[in-house]
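This report refers to the structure that appears directly beneath it.
Chain naming follows the written order as A, B, C, D, E and F, and within any one chain the residues start at number 1.
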Amino acid sequence: MGLHQFIQGLNNLENLDRAPGHFQYQQHSVAAHSFKVAEIAQILGDLEELDQQTVNWQLLYEKALNHDYTERFIGDIKTPVKYATKQLRAMLAEVDENMTENFIQKEIPQALQERFRRRLGEGKDETLEGQILALADKIDLLYESFGEISKGNPDPVFWEIFQESLTTILQFKDLAASRYFTEEVLPELLQTPFAEQERLLEVTQKILASK
Amino acid sequence: MGLHQFIQGLNNLENLDRAPGHFQYQQHSVAAHSFKVAEIAQILGDLEELDQQTVNWQLLYEKALNHDYTERFIGDIKTPVKYATKQLRAMLAEVDENMTENFIQKEIPQALQERFRRRLGEGKDETLEGQILALADKIDLLYESFGEISKGNPDPVFWEIFQESLTTILQFKDLAASRYFTEEVLPELLQTPFAEQERLLEVTQKILASK
Amino acid sequence: MGLHQFIQGLNNLENLDRAPGHFQYQQHSVAAHSFKVAEIAQILGDLEELDQQTVNWQLLYEKALNHDYTERFIGDIKTPVKYATKQLRAMLAEVDENMTENFIQKEIPQALQERFRRRLGEGKDETLEGQILALADKIDLLYESFGEISKGNPDPVFWEIFQESLTTILQFKDLAASRYFTEEVLPELLQTPFAEQERLLEVTQKILASK
Amino acid sequence: MGLHQFIQGLNNLENLDRAPGHFQYQQHSVAAHSFKVAEIAQILGDLEELDQQTVNWQLLYEKALNHDYTERFIGDIKTPVKYATKQLRAMLAEVDENMTENFIQKEIPQALQERFRRRLGEGKDETLEGQILALADKIDLLYESFGEISKGNPDPVFWEIFQESLTTILQFKDLAASRYFTEEVLPELLQTPFAEQERLLEVTQKILASK
Amino acid sequence: MGLHQFIQGLNNLENLDRAPGHFQYQQHSVAAHSFKVAEIAQILGDLEELDQQTVNWQLLYEKALNHDYTERFIGDIKTPVKYATKQLRAMLAEVDENMTENFIQKEIPQALQERFRRRLGEGKDETLEGQILALADKIDLLYESFGEISKGNPDPVFWEIFQESLTTILQFKDLAASRYFTEEVLPELLQTPFAEQERLLEVTQKILASK
Amino acid sequence: MGLHQFIQGLNNLENLDRAPGHFQYQQHSVAAHSFKVAEIAQILGDLEELDQQTVNWQLLYEKALNHDYTERFIGDIKTPVKYATKQLRAMLAEVDENMTENFIQKEIPQALQERFRRRLGEGKDETLEGQILALADKIDLLYESFGEISKGNPDPVFWEIFQESLTTILQFKDLAASRYFTEEVLPELLQTPFAEQERLLEVTQKILASK
């Protein structure tokens, strides 16, 4: 009840691999992913402020940092399972909430419980900060899949993830931060030479052109 | 449609770690676990035959070898999630079945589909072979948790797994194979010296005495 | 003497790497290899039954599962050493047999010793099941070497293993299972795009054409 | 110049190990450490607010998240070197600043440069947020060293790190967050059973008593 | 034929693990072992010179550095196999020699072949340098097994290796270097606290007392 | 004071990775690097003797083997920092010397201290042996960077290291050993097929042509 269990649980996130089951040249832990998402969200927040938007920074950092904490309770449920039916998705969300609520009541001091409810709840809402989180999460996923493709990973799943991430990023094109990413950052990412570069440029052009 | 996807999928099982999220001195893949369960089931089948039971060996090997193959579709869902409610459990089982059925229809030649339905379905039924599978699965889990305890892993989860496995093994005490394990194999396992040996012996005695 | 040493030894097989000395993107343990060979043998048995052959399934699973167990006694002796002279090969086989026999007498209960002699002996005999084992062993080796080639491993040894495996598989062309593999599975394996794909297709065509 | 180099550099932090040269059961990357420090700083900020302090959350998250980013430029310089002489320490700091400034001018868009100067500069200043960062950094170090001690690491360096961290934490005892940590969290941390538990409790008591 | 194959082969030694099959907290490669043996031999040579012996340093370094190079040809053959019968041991030695000779003739320029014959031949002869090599090899083995014991490895094989190494070191007690090791270095090694320390001290005393 | 700390420190060198921070398919430890440099120096010494030079073999082996031992005290300081200013470089060298001297006085017996001062001092001086060490160090670095390039590592840093190493090797062209390397060994290294081969050949030709 002294916050120790919350801190100790951070270690579980260091031991949770992303994309389990698929061979990867470089494994990423949920802890490292959370760090990168918070760093990327910070940049996206900068870009939104340059575009005259008002960013609630406390909320933004909080959302980005904690958005995958509850994975230590529920484990990695593969996307096709999670989204199999609306009903199942709703039930899994409910179990997640129950386990999180249970953890909060058992391990977080009363005076802090309300804060942890906010932090460990679903972060990707309709607020600007929620949208930035969703965007940052996909940008890190795009970098992770690009890392595998550029190292020569023949598993087609990383090409699918790259394409799916980029497609989602484009859906946020109302945000200046999203436009900046596709116009300024993405071209730089793609210009380091690697064996499959031409094929990836082609795929990327096709997605960009279709919007 | 030429069985390639089934064989390729074995590689996913080499990349799926058991007990994700928990620090372990020695990681075990789902592939290695499946091998060990099949080997242990073979021994348990021997012991049942010595006890005058009739073992369907084809069924036994088949069950043991394939019992975790579908983890490549659904990923690792943590036990407390899986068993949160009866309804959720039923729905997850249904999703599992649907994905498996879908895979069979898409990747397995028609003439073999019935066999794969049997192999990839739930193996732990009421038959002797189903019971031996359940027992072998728990014995390997007990060895895995013992491996962490005897190496000095301070995470209490491995003590819980050890106790839970042993308790389940004792529930199969109608099987000669189960009795042989607790009477002949377990004492040998516990006699190698290691730092926490006394505490583990105590816990084990308590469980054995309570039955 | 309570079978514990046999079970504990499975853990040694998880710690034995295949192809030691060579850099590999993905390591395979002897335990995971044994699992995959048993799974592949199961498929090959299916194909033989479709071809109206009678398969002794107990024997097939038993052979596949246990065919590398004795590696924990003798370690990895490189192929060129093993086959240096007929006399040496015979002597190594004799040592292997002696160590295995010694293990059986010391660690396996009397009533089960005959079974373990059969299981831990040489499995690749002239029976249908022995031939299927030999074939399955090579198919897994081909997949393992393909995994390295398609990930970009520049060590020429994996090209040699790929070619040697395929050549051996073709020697079993009297088996329907072998023909099915080269006609239906192999083409699917080779069609995922990867950096060296063209060169591998060429090599494969040359081997297939020469038969 | 499109922020790509900053994001790409996060990957370097995933590849930088903490405590290089020392055998560790569990490696921690600088990326995962940064994540944990930000999470711990968040809790400490909570505790300060409960103690009626005013926390600038944007500044706190920013400091915690970015405090080790420049390690990708300068690498890991061992503590005894870093503190060898006052003059050397000052020179190293100067080099660090120069490289950081150089990076900012080359890779960060003009409009964001001032922000990155603040974020990549020294975070551990006399502000409340700077003190919380210093405290959070030591708490994570204490958890990391405790992780090695409780797993049985015989390298005395982890006992030294544990003691040095705890001593520094006690120096912040004017902060409610520091007192909460030693009074509520630390006892919970030390109560999981492990082989060297008694010796560690003794060492801890001695440090606590001396303050 | 330009020495490239010899240099490239050093990489194989980085990929060859010592003690394959046994779980180890810290793996050691044959390359790192060779480095350590050369460093230890250097110290032992110092001690012999202090004892008024004449050391041929070129020979000593050469023997120590190259003593395991041919493992890349023959792989790891387990000790019980290697020593099963005198005849087998002789045959294996012959195969080793043949493969080495073959390598030398194919890959080493004529003018250097004699040197490589000397370097890649059996180094542990009756010369002072040969004895120092044998001693250094065992001292590193003792440190490696001590490393596992002090980290809590429950596999009894490391206790056996520790005892066997120490026994062999004592057989060289005519060398001042051996006496120095047991009298000055060993006590320092054993004084770092670790969980099984008392039991190891007891075992060590027993071996020392028996000489 | 019984040389134990020196031997124990070799283990730190097994735990120090080369090129920390950069993703690498194959990690190299400082221990393995030291082994390879000593082996390569041995070959270069051979080539110099063939060219009628007199090689002091004791000095050569000693220099090669120990040239990175002090990295365990000072850690890995990234090259751009090390060379930031002449003054800083001198100061770092001074700190290194002080720590080394301190270690020698505390841990090495008086009668051996002079030897260890020589061995742990800067080895790359103007002597033939010092030049061979500098050359061997760069050749191993060239092999390490080639290993990453040929496995498909997209990080441009390995192309930079390859080019920088080759440029330095060419600066030693007064040595027969250096000329032999570029004329006989390098072409053999580059002829194994790998995905980026053409681009690497082009870069190499350009460097060779510019001399």
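The definition used in the following text is that a contact is a pair of C-beta atoms (placed from the backbone, for glycine too) under 8 Å apart; a residue touches a chain by one contact, two chains touch by 3 or more.
Predicted model, so just to flag it, every value in this text is computed and none were measured.
Chemist: Could you tell me which chains make contact with subunit A and subunit E both?
Modeler: Chains touching both subunit A and subunit E: B, C, D, F.
Chemist: Count of steps on the shortest touching-chain route from subunit C to subunit F?
Modeler: So the least number of steps between the two chains is 1.
Chemist: More C-beta pairs touching across which pair, A-C or D-F?
Modeler: Result: the pair with more contacts is D-F.
Chemist: Once subunit B is fitted to subunit E on CA atoms, what angle does the rotation have, in steps of 5 degrees?
Modeler: Best-fit rotation on C-alpha atoms: 120 degrees.
Chemist: From the C-alpha centres, identify the chain that is farthest from subunit A.
Modeler: The chain farthest from subunit A, judged by C-alpha centres, is E.
Chemist: If you average the Cα atoms per chain, which one ends up farthest from subunit C?
Modeler: Ranked by distance of C-alpha centres from subunit C, the top chain is D.
Chemist: Tell me whether subunit E and subunit F, two copies of the same sequence, contact each other through the same residue numbers or different ones, using over half shared as the line for same.
Modeler: Over half shared, hence same.
Chemist: As a quick test, compute the distance in whole Å between the mean CA positions of subunit B and subunit F.
Modeler: Each chain's C-alpha centroid was found; their separation is 50 Å.
Chemist: I'd like to verify one number: the distance from the centre of subunit B to the centre of subunit D, where each centre is the average of its C-alpha atoms, in whole angstrom.
Modeler: Distance between chain centres, rounded to whole Å: 41 Å.
Chemist: Could you give the separation in Å between the centres of subunit A and subunit D, each centre being the mean of its C-alpha atoms?
Modeler: 24
Chemist: When you check subunit D against every other chain, which residues touch at least two of them?
Modeler: Where subunit D meets two or more other chains at a single residue, that happens at 11, 13, 23, 25-26, 147, 152, 195.
Chemist: Testing understanding: with touching defined as stated, what is the shape of the graph linking the protein chains, line, ring, star, complete or other?
Modeler: other
Chemist: Any two chains that touch count here, so list every such pair.
Modeler: Every pair of chains in contact is listed here: A-B, A-C, A-D, A-F, B-C, B-D, B-E, C-E, C-F, D-E, D-F, E-F.
Chemist: Give the list of subunit C residues in touch with subunit A in this complex.
Modeler: 25-26, 147, 150-152, 192-195
Chemist: In the complex of these two chains, what residues of subunit B are touching subunit C?
Modeler: Residue list for subunit B touching subunit C: 2-8, 10-11, 13-14, 26, 28-29, 31-32, 34-36, 38-40, 42-43, 46, 50, 57-58, 61-62, 65-66, 111-112, 115, 119, 139, 143, 147, 180, 184-185, 187-189.
Chemist: Across the complex, what residues on subunit E touch subunit C?
Modeler: Result: residues 11-13, 15-17, 20-23, 71-78, 80-81, 84-85, 87-88, 91-92, 95-96, 98-99 of subunit E touch subunit C.
Chemist: Within the complex, which stretch of subunit C touches subunit F?
Modeler: Touch residues, subunit C against subunit F: 23, 25, 151-154, 156, 195-196, 199.
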